[in-house]
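Note that the chains take the letters A, B, C, D, E and F in the order they are written out, and that residue 1 is the start of every chain.
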Amino acid sequence: MKAVTNERIKNITLALLASTIGLGLVVGLLNAPRQPGVAEQVLSMQTHLKLEQPVTAVLLAFRGYDTLLEIAVLVMAVIAVLILVPPRKARAAAPITAGPAPSPLMLWLLPRLLPVLVLIAGYLWWAGSSRPGGAFQAGTLVGAAAVIVLLSQQMRPPRLGRIWRAILVLGLLCFLAIGLLGLLWGQAFLQYPDSWAKALIMLIELTLSLSIGLCFMLLVLGVPPRRRDRFPGERS
Amino acid sequence: MLADVLTLALVALGCWFFLSGTLGLLRFPDVYTRLHALTKADNLGLGLVAFGLLWQAPDWPTAVKLLLVWLLGVLASTTAAHMVGRAALGAGQSAWRAEP
Amino acid sequence: MTMFLAAVAVFLLLNIALGLVRIVRGPTMADRMLAAQLFSSTGIAIMLVLSVVLAEPAVLDVALIFAVLAVLATLAFTRRLWKSTGGR
Amino acid sequence: MMGVFDVLLLVVLIAVAVGALHGRRLFSSVVLFIVFGLLMALVWLRLHAPDVALAEAVVGAGISGVLLLDALGRLGKGEDEGGDERAD
Amino acid sequence: MSWGGLAPLVILLSSLVPALLIFFLDESRVRLRNGLNLGGAVLKVSVVGVMLWGVYRGWRFQLSWELLPGVSFLLRIDSLSLLFMTLSAVLWLLTTIYAIGYLADRPHNRRFFGFFCLCVAATVGISMAGNLFTLFIFYELLTLSTYPMVVHRGDNASLRAGAVYLAYTLTGSMAVLAGTVWLYALVGPVDFVEQGGILVAAPEQRASLTLILALLIGGFSVKAALVPLHGWLPRAMAAPAPVSALLHAVAVVKAGAFGILRVVYDLYGAELAHQLGVLAVLLAFAAATIVYGSVRALFQTDIKRRLAYSTVSQVSYILLGTALFGSVATVGALVHLVHQGVMKITMFFCAGAVAETLGVHRVDELDGTGPRMPWTMTAFTIAALAMIGLPPFAGFISKWYLGVGALEAGAAWVVGVLLLSSLLNAAYFLPMLYRAWFKAPPAAWPQEATTPGSWEAPPSLVLPPALTAFFSLAFGVLAGTAISPLQWAQFIAALEYAP
Amino acid sequence: MSPALLLPGLILPLVAAPVSFLLGRRALPWLPWLVALMVAGCLCGLAAPLLSEGELFLHLGNWEPPLGLRWRFDGLVWGMIAATTLVCLAVAVYADGYVPNRGRRGRWLGFWPVLFFLWGALNSLFLAGDIFNIYVTLELVSLAAVALVTLDGRPQALAAGMRYLLLALVGSLCYLLGIALLYASFGVLDAALLAERLQPGMTASLAMALLGVGLFLKTALFPVHGWLPAAHGEAPAPASALLSSLVVMGSLYVLLRLWLELFGAVLTPGLRQFVAVLGAAAVLWGSWLAMCQRRLKLVVAYSTVAQLGYPLLMVPLLETSGAAAAWSGGFYLLLSHALAKASMFLVAGVLLHAQGHDRIFQSRGFAGRYPMSVFAFGLAALTLLALPPSGGFIGKWLLLEASFGSGQWWWGLVLLLGGLLAAGYVFRVLVPIFGDAGHRHLEAVPLRMELAALSLAVGSVVLGLVAGAPVRALQAVVLP
């Protein structure tokens, strides 16, 4: 009984706190002085890059380093999951085997749905340079496709061998490598040579899509089991 | 002009199907009947809306996309309905019968 | 025309609001999943309408993605959740 | 008319959010959360942010719903407390 | 770096390096350890000898290292440094010899001797410190390095004593630190120079300067065991005898007293310190401590505790001399710094030897120890007589100068305090001597360690007290000669009070 | 070639993280050394230009702010990165010898990628000149930190990690709201530009409060310190060392820099006193709690709570004549604390490794068997006690000087009292471990673990011995 009361008090306190912050934000924003943002500048500079889509220009060029770190966050999250859920536990917890036979309709649909999914993902990747879309959306779609396959086919996720691990970090490494190459070409870190800018950005986006897709797949499905209960890369 | 009339008519019809689907979902007594109301309604509803809007499409890629959306919607909805129904059956949920 | 389509969007949204009752009342998980399925279709329809109203082609991409992924939640539901609980 | 749409959208959005937070049944909350993703995508579209709407679509429809359903399955909880089969 | 800068470094390293080596040496390497220890001690004494000669010839020894903008680590040798440094270097050598004999075949010697060396490094560092900042650094090092020695035995009494010791000394250190930083913030970096480094005291700074002086003296008084800050000293008797010797005679209490000397004479200058009025308070406390310590000593039955309270009383003679404004009193204070060291260390050596050989710990067990251990008890007797202040021993010289200085400073009542204290000294030392020499020995000693045939403690326990007893006598008899501590003290006092 | 082009070398650990993930065990012996050497090389190369120019900037991708991001590099950043590098290298060397809960080696291999991510994220955090970029780096740091807490998978560790994750997320959210508010009002995210444009007022105050709450949470400053002891105490020792020295240092650095550089005008004298009161409360309360603990790791963790309070004391002093001393003193304390605290946690790990638990009153004889570790602990403790000749002493001296020099002597009292309390809990630990071992069995510990702990402790003392140049470099930073 007392615990319930405490819980309620806690809830009320939290609610009060949240509403205070919310109210404060409203008041703050109402009183906020307005100064022009950088939108105009973005629009004026992006033509330089031959990227018609301002969001992509911001994400991959102007604030590319932010994006790079976000990818690192994603990879870090997957590693955290690998640490948190050791493969043996994941296997025990994942109710993948057994169960009723899958619906024949689904079995008919999925092989036909997958190419569409991949096609749409590719479209989003390609669209990124000229209209809304880009690596993140495409990658997530790839991840979703993988999840669909694994769920419907009663498959376990692939063993996280060297190739899969390489794909997982491919986007990050590629981004870093291109960033550092910019340095070698006598320009700044993360700077793309003018004529190559679009191609390089597309390349980065492609690798990022793959990595993001794999990341999301792993985050959703937990950890793929390996032959032995070991962290990837360990040799005894 | 004809296009606009077509759009108006088809979309309005689509709306009607959506409404009936929703009402069916609310009013029908068990999973299987609701399934029936729902999928019929929203496949048709979505299809009619998509076809209605087809006449407003500025270029052919947009039109293709509209059709693709409808196609995928139908497939997804149908498969999902089948899966849910199968699962409900597999789980042994009894069907509703009219009271004698 | 825009006015009409906007009204259609409002109407469809009202449909969703109405359908929320089913999610609240259940009674089984399948019912709730069905309601979600309906919302997904309705939402896609709203997006199609909006793509014309807002004259923004990218809206169709969003609708496309919802359409292609609509099956995913149901799939997860039947493959992972329903089975593990025996439908209860 | 779009003003009505916006207001309605916000009302439904808040209702869904409150429902998801305060629902007694975990499963209803999950379903409401999926619906919330859909509505949120609509909000982004209305705010002329198709990029964010796209991201919301892929994450909301593709990832988070499956994630939550899967988690629920692993918890072994489906129709939790009070799920009456024949309520109506 | 010139040769002049190298010498202070060598002095410091001659105990720091052995300390570090000993820590990482295996416990069983007894001979190497002792060799390192003695080697360091001998090296230090010889370098000090060279320095004495050098300073006499007018060489300058200085080493400075800027640690912070405006704050330097400064080692500098002046006449006052040399006085304290010579004392600690010589007594360290003797204590080392004594400790090696005393602690042979006991556990944890590696740790003991390591910290022992560190402790001496800190002490010579204090003597060489050229400014308050440096003094504080070594003062803290001393606190830390003596703690493990106080708790060396590891029993509950030692641990409790250690906790009390830390609580007292760290609090004192914090007071010193506060005073130091405040002074730096107020007047900037000041080095120690004769007649005081703070040249001008603006009127609005006087209040702050008074408070700073009070903080500094208060902080240093903790180690100098001024009543009411003396509580740690009697408790610290739980430590082994060489540690007591070190605490009481060479390092800790002396460091406190030396700190006060430095602050009063070389930082503020006697005149400014006198004007600020802090010295009058110090004088009152010192006088009270002298009487209080003696009275408490009178009622102790344990030998070491009696000696401890005697230290409380005797160290305050130094503070008394410092608190009196006048060159004669200063001479008394300075010379007592040395005299008290040699006298008190003798007594602790002897007490330790008696306890070690015969198991005698209490005053009433001393009966007949004189004939049983004649060398030891002769040394003890000489030191006790010197403590009482009988001519021609060293103690008499100190008391004489203090008394004259008091009269010169116009504080005649201090002479009364001195006389009272001497009477009390006699009252608690003479019965011990009487018991030792004129009472019949008991049938069996409490815990006789040696074989019945041997008549004395081992040579390493006898030689050091014999030497220090000799010093106690010689410093009194030869006070007029050029090399006596008295001459040295007069030389320093002349510098401090030069017009 | 501009010297600023060496700056990207400082985030090489971000490259090493995926590489170590790919290579696994085979990378362990050489990768940390290689990365540390390269970072150190860049730091050396940057030292001379830094001394001559004072501040270096690098525009990432060659885009000028407000459009692009830029890095700022000054003496303070140099020091932070140097300390981070030292700690990370030592911990990497140490961790190779440290195997917790035998049989869980597989999970343990995840440590190295996390270490490199943390390392790179911190370096990036110190360099960042853009408040959103700081947010992203903070996220990476927090995520890595949570992974470190849960590394050995015990239920208590998982619970502590979950709590930490939630609070870190709340903190991030507050921070994000704060910068959203700032961006909405002033239209820039670059810290230097923002400092020019920012006008005191309702918005600025609210943003400051939000940033403050978020970073207080992440740093575990009083009164929101509750999560820290559990998280740092339950993590495996090398992880605790990273968490307690670097992770909290990172967010405290951001807090101080952002607050002081952006909101100098918003921070009224009364508010500044209030912040310092919180710092003082952290010092006193944290030290007191440290004195009440029975496990070594908890003692050390609570002492972190206490030590993090000191740098806050600089806030009111920056408005006085002692500004330079307070600034350099606070940050010097933070730097030396990082080295010392890491060393102490590493020693705690040696203790755990040797006897299987870290209850301090059942640790007799540890000193006899592991003198080098105990020596390291003692050296590191000097910084906590602020005794000479440690880096902590120098930092405290400077803060004391500022406090007495400016007439705000009460902060000086807090500093002194904090030192005394620290002596209380340090000696409470040291006394039992010097006791006699009896016939207790102690496991052998790889030498490299002891050496790693010792080298960090020596580092914290060296900071005290060669304080002149670093302090001058810190004071050369343009004061807010």
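Criterion: a contact is a pair of C-beta atoms (placed from the backbone, for glycine too) under 8 Å apart; a residue touches a chain by one contact, two chains touch by 3 or more.
Quantities reported herein were computed from a predicted structural model and do not represent experimental measurements.
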Report summary line: Nearest to the mean of all protein Cα atoms is the Cα centre of chain F
**Report entry** Intercentroid distance (Cα basis), chain F paired with chain B, Å
**Finding:** 58
Report summary line: dist(centroid_CA(chain A), centroid_CA(chain F)) in Å evaluates to 29
Query - Approximate Å spacing (C-alpha centroids) for the pair chain E, chain F - result: 43
Report summary line: Whole-angstrom distance, CA centroid of chain C to CA centroid of chain E, is 90
Report task. Quick one: which residues in chain B touch 2 or more of the other chains? Result -> 72, 75, 79, 83, 86-87, 90, 93
Query raised in the report: Okay, what are all the chain pairs that touch?
Result: A-B, A-C, A-D, A-F, B-C, C-D, E-F
Query raised in the report: Considering the complex alone, what residue numbers of chain B touch chain A?
Result: 72, 75, 78-79, 82-83, 86-87, 90
Query raised in the report: How about chain D: which of its residues touch chain A in the complex?
Result: 50-51, 53-55, 57-59, 61-63, 66-67, 70, 73-74
Requested in this report: Could you pull out which chain B residues touch chain C in their complex?
Outcome: 4, 7-8, 11-12, 14-15, 18-19, 21-22, 25-26, 31, 34-35, 38, 42-43, 45-46, 49-50, 53, 56, 62, 65-66, 68-69, 72-73, 75-77, 79-81, 83-84, 86-88, 90-93
Report summary line: chain D residues touching chain C in their complex are 1-2, 4-5, 8-9, 11-12, 15-16, 19, 23, 25, 27-28, 31-32, 34-35, 38-39, 41-42, 45-46, 48, 50-51, 53-54, 57-58, 61-62, 65-66, 69-70, 72-74, 76-79, 83-88
Query raised in the report: Which positions of chain E touch chain F when the two form their complex?
Result: 23-24, 66-69, 71, 107-108, 111, 136-137, 140-141, 144, 147-148, 151, 154, 159, 162-163, 166, 170-171, 174, 177-178, 181-182, 184-186
